[in-house]
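First chain A sits with chain B, and in the next complex the same chain sits with chain C.
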Partner chain A sequence: MAKGDLETVGADAPAGGYVQLLTPDGDRVERVTGPDGTEYSVDFTDAEYRTLYRDLVTVRRLDAEATALQRQGELGIWASLLGQEAAQVGAGRAMRPQDMAFPTYREHGVLYTRGIDPIMPFGLFRGVNQGGWDPQEYKFNQYTIVIGAQTLHATGYAMGITMDGKTGSADGEAVIAFFGDGATSQGDVNEAFVWSGVYHAPIVFFCQNNQYAISEPLERQTRIPLYRRSSGFGFPGVRVDGNDVLATFAVTRAALDNARQGQGPTLIEAYTYRMGAHTSSDDPTRYRIASEVESWKVKDPISRLKAFLEKQQVGDAAFFAEVDEQAKAEAIALRERVLELQDPDPVTMFDHVYPHGSPEVDAQREAFQRYQATFEGSAH
Partner chain B sequence: MTTMTYREAMREAIRQAMRADDRVFLMGEDVGRYGGCFGVSLGLLEEFGPDRIRDTPLSESAFVGAGIGAALGGLRPIVEIMTVNFSLLALDQILNNAATLRHMSGGQFGVPLVIRMTTGGGRQLAAQHSHSLEVWYAHIPGLRVVAPATVADARGMLATALADPDPVIVFEHGGLYNVSGEVPDPSPADLDRAAVRRPGRDVTLIGYGGTVPTALAAADLLAADGVDAEVIDLRTLRPLDDATLVASVSRTHHAVVVDEGWRTGSLAGEISARITEQAFYELDAPVGRVCSAEVPMPYAAQLEQAALPQPAAVRAAARQLVGVDG
Partner chain C sequence: MSRIKEFTLPDLGEGLTEGEILAWLVKVGDTVELNQPIVEVETAKAAVEIPAKWAGQITRIFHEAGTVVEVGAPIVAIDTDPSAGPVEPAPSAASLAAVEVAPAEGMVEPGMIGGPAPGGRTAVLVGYGPRTTTAKRRPRRTDGGTPPASAPPAAAAAAPPVAPSAPPAPVPAPPATNGDGPVLAKPPVRKLARDLGVDLATLTGSGPHGSITRADVERAVAVPEPVAAAPAAATVAAPIFDASREQRVPVKGVRKLTAQNMSASAFTAPHVTEFVTVDVTRGMKVLDKLREHREWRDVKVSPLLLAARAVVLAVTRHPMVNSTWAGDEIVVKEYVNLGIAAATQRGLIVPNIKDAGRLSLRELAEALNALVATARSGKTPPADMSGGTLSITNVGVFGIDTGTPILPPGETAILCLGAIRPTPWVHKGKIRIRQVTTLGLSFDHRIVDGELGSRFLADVAAFMADPEGCALTWG
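Entry: the complex of A and B
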């Protein structure tokens, strides 16, 4: 196994390098030294490697099922994570149980690693409910659509953890905020950086640089590599190969552990690629060329882990087949449950505007019910 | 006379303005290669190049603020914001800056900036993409606010907006982009008057943007009931054309305002107040209002449809006013 620093690893890395522990061919790099001297490595058992592989395959399979459901008219919209499985599983598995995540709308892989029933977001995307889960129970906040808003929520949450005295030890709490490359242009995100820096908040900013914000390529958002933005705000930044689940795990685990111990924020740029459309409403052929997509296929996060497991004889054909079967079974079960989600009664739109109702909303609900009643029997 | 869609009409208007005046340019998220989130600017990058069809970094506050600066320097920016919900990230630039600079500079300069944004529901985009916040902007002195409801207005309003020395907000209802219609005359549209889209004697239905088709559909339903409805399209939401409203109500003696905004604090409320102030003795019944349910816009299709003003509800309100239902 090779050792290296950012200059020597990752033949496929962008200028400036990135932390990589597993090459696209499935070869392990034993450890890598980051820009600030931090050493990154992982020490997984065979069983843990297999679990990571199972995670990656499963989240991809569930995502494919969602894409299919959307095309069949069963979901209103879907934001696919295809290509970003390693970034999400690596970051999600690096979280400790007490850590809190603030996702965008694309973090289905992180959601899965938090042990949330994958059906949860489908109520939302099918349009039968708001898809809510209890963020405190799962330590995974609600999906956020308004770009960048969650980074401020995460910052405030992290500030609160410190106020509660829950940082400063190995079992302290930390927060991770997910966002995209496009989001880095928003004022909210930059203000979250300022605040987190000033308050030395226990937070990790996890940017999945999937190279696009809808149609706009990275160069519309930045002239310097995104991870370097952090230095202007006074905390470290590191770029990791986001298609390498091992490196993503190592870098995120280190940053979260620093945060929980009171070392303040870190910006992680997970360098990856959105293999599919922005959402099911988008047609990426309008703005990017097929050869670019092809060039990322060879960096696939799953095939490299599979190659590694094969080379190490940690996984054999039977294991891979069993994982595929299990993922397929989960996807089919998910499909069946999605199709069973019932359309809500229109009057439920008045629910949850306020916790205990309000005179205005209650009056509107009653008026609506009277109005609805005028249509009853009108077919006769 | 040409037939085109609302989307094409907007595009033609931008194209014509850019051909006619080098100072005009378009900027926003995904307006270039992608052709705009709703396809309005499709093909314009190819014709005008990336300097004048500018894909911007993802920050509403930045591109509206930069639009103000460019306008101050003599350019004529058209800024596209994906949806009115996201314009809230730029509200400070619009209200505290664009709308006030003429006043606060003692009339030394203004901000000739056009901001286009999509508004409205009905497309299953949930509570952070689908609201109708036109009234928030119509509330602000220093702005002109227009809402093209027809293909002809989509074609004609932009040129007038660009000629305005002050900021103009153009609301494009997302449900209208695919509507086809005729453009009798591509010359700049007058923005000062509301329009009677359908004459009638018994009740005045007042709408704007996306609720004009709703009001027209309701008028058809009412015709079957023997009620002859007049439909008024406000066209400009600030300043409001009171004269057209009062003249119509003075003929029909009944009015229903159809507004996709929430009723509390709505444009419908403002219009109702004006009619009451200026034509109280012409009214045979209180002014009716059909607005969106006061809930965040639901995502579920049938909930969303139930939350939005529908022709059947407008019909019911009008029937009640004119006394068809006793």
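Entry: the complex of A and C
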């Protein structure tokens, strides 16, 4: 066992171990001590356990609806979170209201657990707007398509709140930046590590290692487990079972608390698996073997929590059925609202080029309006 | 809104223009739920299932499986309120669409997004689309609209639609006259040339500006260079054993998994292999009888079926061979998930027939045929590849007599079926030409002793030699 490794928890842990508080069979591990002595555990009420279950089921159901909408021609593209629900719900629920999130384009589960209307990113995927919203209003930055770019934005933001004096107490602010295993090979992410390490920025780097960067497997990204990358940048790293919502919650909460109290950054590697395609334009059967996918099915984040709730008699058949019904109702409502998202007037594309307009853009807008007027049909 | 809704093929993957209908999962008259998968479509990017956009009854399927359909064409019609009785079919969206499609006007400049690009492809947001398309757009106003004086040139004349002005066809340029200049070729072509060991400098390009195309490289490999008469006194050059004559094949996918599985199995389970040579003439006659039987007319019957049946029946007599080593205990399975090793384009896979012991002979034959066909087409679902308990590998199809197979991880026995050949054989005291084969059985010696392995293999052989007799006596 290498220095800094966790004692392997569960038969399914990768070499080096990870923090796991709920086994794939739904058995609780009371507490796990990390390599630096941090103790990870959770103490949820029955109602909180049920909320986590509801979150997981709902975000999966909404995601399935979005996938169907893409196949039906109603979305241009969709990036499914299937398989990564626990990592996202655990991280999202660990955040406090004052914490700021910097997502990729796949963080639908984090978005949902922040209490944000799930319709918000659909304008982007339907191609009817640019995916713009007020990051400060939601404490949730815009979906970032450029791989890893948001880690630098997050680092800058984290350095900023330090300068504003908003960290250094138990109620301070913290920042969490989401990215995937592929992004760890990006220059931006490594630069973000350097700056955060050197400036002791109040940030949590939350890497969802879903094993594939589109088609590139993890072994083409790294020779060492990703969570150990941080040691070279001078801050701690920890690996958590990303299919275990309890462990993900515990580890993220501890890392965010460290950040808000001025203890600097942490890298979290949430070890998980993308059960579906990278996006709706991708066909994973061309680069993954079926038996590998099968082997991850038994680690499903929802079935293990369900098994736990059943064993603890926290949830019964009526509860599970009610959650499914409620998730389905939310999905159908979401579908109907997505179908109502109208195409924008093409001329509005000139509206957000400069905050106060410009003569050059105004001239282009007028020329474009004249051109549009030469066509038959509706106003635009 | 009409009760009958037509679903048109969407662009399933960022700039695709067509898709091939692989299979319909529903037929006309079927009732479907919202989001129920109805059709499999393969595009240039992926094979996907399309879920129903509306609940209702399928009233029309526009294209059979195997058809390539353009994006935007209707593929299926759904009656969203079938309980309300029959309706007149609505006009097809295709006919409506035809009115709306105006000829391409070549408005977009070459190289711009949506415009023609070199090679006859269309520039999309990232890279290039799969093939040439003509942009479908609303027609120009025929009443002249209100084109202001400063309107862009293309809008000035309210002319009737003009013939599509095709993007400028790439004019074949004269062969490169680069002299000593760099050889023109795109990176994938350079890689292909390097992989095939072709020196680009020796080729004459037929592409634009004399660039070397993929076809040029392939042609260079296909036609051997004329061999110049060797000088009489020349000595034969010593063979060169360097990297230029070695190929490096990345280990990934099925190859990688196969390697891991085989190494793991070979070095954990102590393998023993036994052989038996057996006269299967009577078994082959039984298969012939099946082939001639009316009820079996549509079912392919092969020696593999006989072997599969022999294995599942012999397991009932020796359950211990159908088990798994689980460290401190042996898990004996009361069901046989029968694995069949299949060579596919992706490599070796071993899908299995679930609970094969419960199938009738006819069901077993159908399951075998379906399994092999699915494996060959590369569509074996993941569930079919897990949970195998005992396997058969049929090297006989390659004309091989027998082998010493390695156990799939977690299994305790694997039968190797060899080629069946007419062979001189002592039959009833005389030498006769008989149909003879050799069976091999590898087993995990931690679980199966020589005695058990021998008895199991002997039973398999006995059944293949005399299926009818064994079927009667083993009851």
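One rule holds for everything that comes next: the second predicted complex is superposed on the first by the 368 of 380 C-alpha atoms of A that agree within 3 Å, B and C clash if a C-alpha of one lies under 4 Å from a C-alpha of the other, contacts with A are read in each partner's own complex, and residues count from 1 in each chain.
Heads up, the rule we're going with is that a contact is a pair of C-beta atoms (placed from the backbone, for glycine too) under 8 Å apart; a residue touches a chain by one contact, two chains touch by 3 or more.
All values derive from a computational prediction rather than experimental measurement.
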Clash or fit, chain B versus chain C on superposed chain A: clash
Partner chain in contact with A:280 - chain B first, chain C second, else both or neither: second
Which superposed partner A:163 touches (first chain B, second chain C, both, neither): neither
Touching partner for A:128 - first (chain B), second (chain C), both, neither: first
Touched partner set for A:374, first chain B, second chain C, both or neither: both
Partner chain(s) touched by A:329 [first = chain B, second = chain C, both, neither]: neither
Touching partner for A:350 - first (chain B), second (chain C), both, neither: first
First, second, both or neither for A:291, with chain B first and chain C second: second
First, second, both or neither for A:187, with chain B first and chain C second: first
Partner chain(s) touched by A:76 [first = chain B, second = chain C, both, neither]: both
Shared chain A contacts, counted only where both chain B and chain C touch the same residue: 76-77, 287, 371, 374
Touching residues on chain A, where the partner in the complex is chain C: 64-65, 68, 70-74, 76-77, 217, 277, 280-283, 285, 287, 289-294, 332, 367, 370-371, 373-377
Of all residues in chain A, those that touch chain B in their complex: 76-77, 124, 127-130, 145-147, 182-183, 185-188, 213-216, 220-221, 286-287, 343-344, 346-350, 353, 360-361, 364, 368, 371, 374
Complex contact set, residues of chain C against chain A: 7-14, 34-35, 45-51, 53, 137-142, 145-148, 150-152, 155, 252-254, 257, 380-383, 385-386
Contact footprint of chain A on chain B as seen in their complex: 29-30, 32-35, 37, 55-59, 61-62, 85-86, 89, 124, 126, 128-129, 264, 293-296, 298-303, 305-307, 313, 316
